[in-house]
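The structures considered in this document are given below.
Each of the two complexes below includes chain A, the first together with chain B, the second together with chain C.
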Partner chain A sequence: MLLTVEGLEVGFGAFSPVDDVAFSIDRGEILGIVGESGSGKSLTAIAIMGLLSRIGGRIVAGRICFDGIELAGLPEAKLRRLRGGRIALITQNPMTSLDGMMRVGPQIDQAARLHLGLDRRAARARSLELMADLRIPDPARVYDLYPHQLSGGMKQRIVIAMALAGDPELLVADEPTTALDVTVQAQIVQILVELVKRRGLAMILITHDMGVVAQTCDRVAVMYCGRVIERAQVNAIFEDPRHPYTQALIRCIPRRDMTRGSMQPIPGMVPNVANQPAGCRFNPRCPRVADICHTEIPGLRVSAGDHGVACLRADAA
Partner chain B sequence: MSDLLIVDHLSRHFTNTGLFQKRQVFHAVSDVSFSLARGQILGVVGESGCGKSTLARLVLRLIQPSKGAVEFDGLDMATLSRGDLRRLRQRMQLVFQDPYSAIDPRYRVRDALLEPFKVQGVKLKSADATVASLLEMVGLSPALTHSYPHQLSGGQKQRVGIARALALNPSLVVLDEPTASLDVSVQAQIIALLNRLRESLGLTYLFISHDLGLVRYFCDKILVMYLGRIVEIMPNDAVPTHPYTRALLDSTFEPDPRQRRTITRLSGEIPSGYNPPPGCAFATRCPRVSDLCRTNLPALETISDHHQTACHHPLMNEMKSEVLQQVNTHESAVP
Partner chain C sequence: MFLFIIKRLVLLVPVFFVVSLVVFLIIHLVPGNPIDNLMRAGSSSAQRVQIAAKYGLDRSLAEQYFVWMSRLMTGDLGTSIIQGRPVGALIARNLPYSLQLGGAALLFSALTGITAGVLAASFHGTRLDDGISGLILLGSTVPSFWLGLLLILVFAVWLGWVPISGARGWTSLILPVIATGVGGIALVARVTRIAMIETARQDFVMLLHAKGLSPLVIQLRHVLRHALVPVVTILALRIGWILGGTVTIEYVFARPGLGSLLIRGLNQRDYPLVQACLLMLAMAVILGTLIGDIVQAAMDPRQREERP
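Entry: the complex of A and B
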């Protein structure tokens, strides 16, 4: 496995918005991390990137092991060599990654010059190649444009080119297509999938969109209130979901064959991080809730086919 | 069924007059006509900048059209005096996309819900009873009566937005991307609520969205816009004939890993509304483009009952079966 996360707990002051998170990913694989706002999926990405200290958080417990290197507690200098190099991040809003005052081409060059030690000319040639690879029309012209001269989809391609410039092995993509129109989203998703398969990268795709997950991922981890509540192959998640939350989540997405009124919303709402229920965090909304759910925190139990479920009543249905 | 809303050749352009800029005309909505029957839900779909939000504001006459007319319940809105128009607004309401900015942060829920009555000068027998019944109608706890917007979740705020829109008992509600900023489970709750309210109150909805999957689920009729123009109007269960609608449908990710499909890649850029092409606006990206499309604007033509398309080369009968097949077969895009 290229990356293994075990028992990860992220703390902010007295709160732990991410708790006991575990998953792994290998080269050539796409792992989807799905969840709604506040599920801790983005914080998990930030923890992997070693950027928690920048937003006032810390790793309280657990391991993040990347190709034999323990990232939790790694000194900043060593993290910096990995970040943008062997591990790259693609953010939701391209303007988080782009400098609005700088032409886009040289921004792609930076990672290659820093991490691969290329000179300016070699870095430029490499950037142009990457841009052509991402189907950016007329790369030599676009190279000299500023971000504001590009459309949203084009900006996101530049961000992907920046991420690829340092020749990464692991891509962490945090909602990479959420801000884009559907036709553009479809193009970007397809580009990302092709990259992973062709270059043998590993990609962690963080999203709230079950449609994107179904169309791209090999394996999926579903998060709720800071915990992984189910983890399985993508087909198993959609055809044999075992956690009541995963089952409910799938039922509230409109599908082509549904008629009006057949969508079943989940009652209630996601609890606040400062006010989590005791026991299983889904218990106030769960149709299968029992007494034990209020006292015991379910751990992820993994059964045949590497299908893990964190539910005390998974066999009750 | 009679038509509640008739929109006739509606256009709106904006003139850009910057100090050092050349005078430019932006065509936001061009020659849009449709009708909406009482009790129906019409979905308006399109990508950013296609003019769908401008259309919503034109229908409510929050902005004036450059050309064309809007008829609401038999009344031509252009002929109404300001006072009449304000009174008419009781019957047509808007729910905004962003519940965070739609409610004044200094208003408590109660104040937000009573604001429409104040604006319209409607006297209430009991303000408390009105607030309580509005909260109940949208499934909010009476405990939230004195809360401020920042104390509410996104879903709760959107429920307040809906309650406020329904306060004056409207006939038409324009919903401008009401669930775009919400999580899927909250979106499902809001859509279920809107459906229930429509049935119990006999409402008519104009539902604006970028999500064709959601529109197909929720609406009776779908209107697809591209660069300010209607490219297709069809019943929700019809097979699209316009290549753009088809591309939108292909780009919608089905939540089913067994139905992975190769996406028809649209190349080319969307033309600018400042300088719309003389022919079909989709010609720069269309896989079925011909020379005719680049020079001649296709008119919206009826191809079957309630189904109109604006295309020189629509995907017709023989193509339809192929489309259906592609929609239904399980081609694997990713090995």
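Entry: the complex of A and C
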């Protein structure tokens, strides 16, 4: 396994918005992390990047093991060599992810110059190649443009090129298509999938779009309130979802044969970090809730086919 | 960019006339006039009329404005009524002192202020930040004339390192520059600090960290560049202020300068002198703003395109 996360707990002050998160990913694989806003998806990504301290958080417990290197507790200087080099981040909003006062080309160059030791000209050549690879038309012209002169889709391609510039092995893509138009979303997703397959990268794709997950991922981890509540091969998640939350999520995917008003939203709201229910955190919204759910925290129980579920009543239905 | 500058320069023409009218009216509408200052006790009212006629003060305000303006167009700033010398020459003699003090103070406050702001922002939330922020608060509240007196006492009287007053040699410039610059340092440092802290919260900075760049490079090459845009605005506004706003410092250090010239003129209701000084200071403020806008446009590609 290229990356293994075990029992990860992320703390902000007295709160732990991410708790007991575990998953792993290998080269050539796409792991989807799905969940609503506030489920701890993005924090997990930031934790893997080793950037929690930038936003005032810290790793309280658990391991993040990347190719035999333990990232939790690794000194900042060593983290920095991995960051942008072997592990790269693609962020959510391309509108705000680029430095608006700098031409986009040199922004791509940075990682290559830093991690591959290329000089200005070699880095530029490499960036132009990457841009062409990502189907950016006329790379030599775009190289000298400023971010505000590009469309959202083009900016996201630049962000992807930036991530690839340091020749990473692991891509962490935090909702890479959320801020884009639907038509552009499909293109970007396609580009990312191609990259992973062709370059043998590993990619963690964080999203709340089950449709994207179905199209692209090999395996899926579903998060709710900072915990992984179900984890399985992508087919198993869609054909045999075992956690009531996963089942509800899948019922929320719009389908063509749906009649008006037949969409079933999940009742209730995601509880606040400071105000988590005791026991299973999904219990206020769960159709299958029993007494035990209010007292006991369910751990992830893994059964055949590496299908893990964190539900005390998984066998009840 | 070139077109942008030309457009802004053309816009200065109407502004110039409005400012000149306001300046002219202000000084003519306040009570008192230069004749009172010229009359000796016991002078007759006939003499009074004669003096008024000599300086054209007996004509209507519109006529006086027109005469002033048409002379101004030929480069003639008029003659000081009280001092009896060409206003142009008076300004030319005082301007270099103001430029020296103002320029040096501006440079001093810009460099020190930006450095302090960068340090405070980079060590945001630590004791160093608290310390710098405390000094900033102190610096922005200490009156410059009082600081000037204190500096004279310590460095000129007790230690004897620099001259007490006057404007001879560059050593006499040190204390006035510090006294004038401290308020500017505080302002610049505060703006730099806040702008950097706010910029550092933006997504693109997170992504720069994700590239593995060192925090120092990110702070100086990316965050500071964004933060300098509002700082340039502040500095540009201070250009005009620093030319005429150092009056108290000029008094404390017995230095000549535009500020002192203007105050003397005001006390004596010396219309031509006051008008010329005020007009010049107003234009300095406007030009300062223009320079600020141009520098900003040169720094920020987004602004360059928004105002073509």
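As a working rule, the second predicted complex is superposed on the first by the 315 of 317 C-alpha atoms of A that agree within 3 Å, B and C clash if a C-alpha of one lies under 4 Å from a C-alpha of the other, contacts with A are read in each partner's own complex, and residues count from 1 in each chain.
One rule holds for everything that comes next: contacts are C-beta pairs under 8 Å (C-beta built on N, C-alpha and C of every residue); 3 or more make two chains touch, one makes a residue touch a chain.
Computed from a predicted model, the values in this text were never measured in an experiment.
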When chain B and chain C are modelled together on chain A, clash or fit: fit
Touched partner set for A:51, first chain B, second chain C, both or neither: second
Partner chain in contact with A:190 - chain B first, chain C second, else both or neither: first
Partner chain in contact with A:146 - chain B first, chain C second, else both or neither: second
Which of chain B and chain C A:101 touches, first, second, both or neither: second
Of chain B and chain C, the chain that contacts the larger number of chain A residues: B
Contacts of A:234 with chain B and chain C, given as first, second, both or neither: first
Touching partner for A:89 - first (chain B), second (chain C), both, neither: second
Partner chain in contact with A:132 - chain B first, chain C second, else both or neither: neither
Minimum distance between Cα atoms of chain B and chain C in the superposition (Å): 6
Overlap of the chain B and chain C footprints on chain A, listed as residue numbers: none
Footprint of chain A on chain C - complex, ascending: 202-204, 206-214, 222, 225-226, 299-302, 305
Complex contacts: residues of chain A adjacent to chain C: 49, 51, 54-55, 80-85, 88-89, 91-93, 96-102, 110-111, 114-115, 146, 148, 159, 162, 166
Interfacial residue positions of chain A with respect to chain B in the complex: 36-37, 151-152, 181-187, 189-190, 193, 197, 208-217, 234-235, 237-239, 248-250, 252-256, 258, 260-261, 263-266, 269-270
Sites on chain B touched by chain A in the complex: 47-48, 153-156, 183-189, 191-192, 195, 210-214, 216-218, 247-248, 250-261, 263, 265-266, 269, 327, 333-335
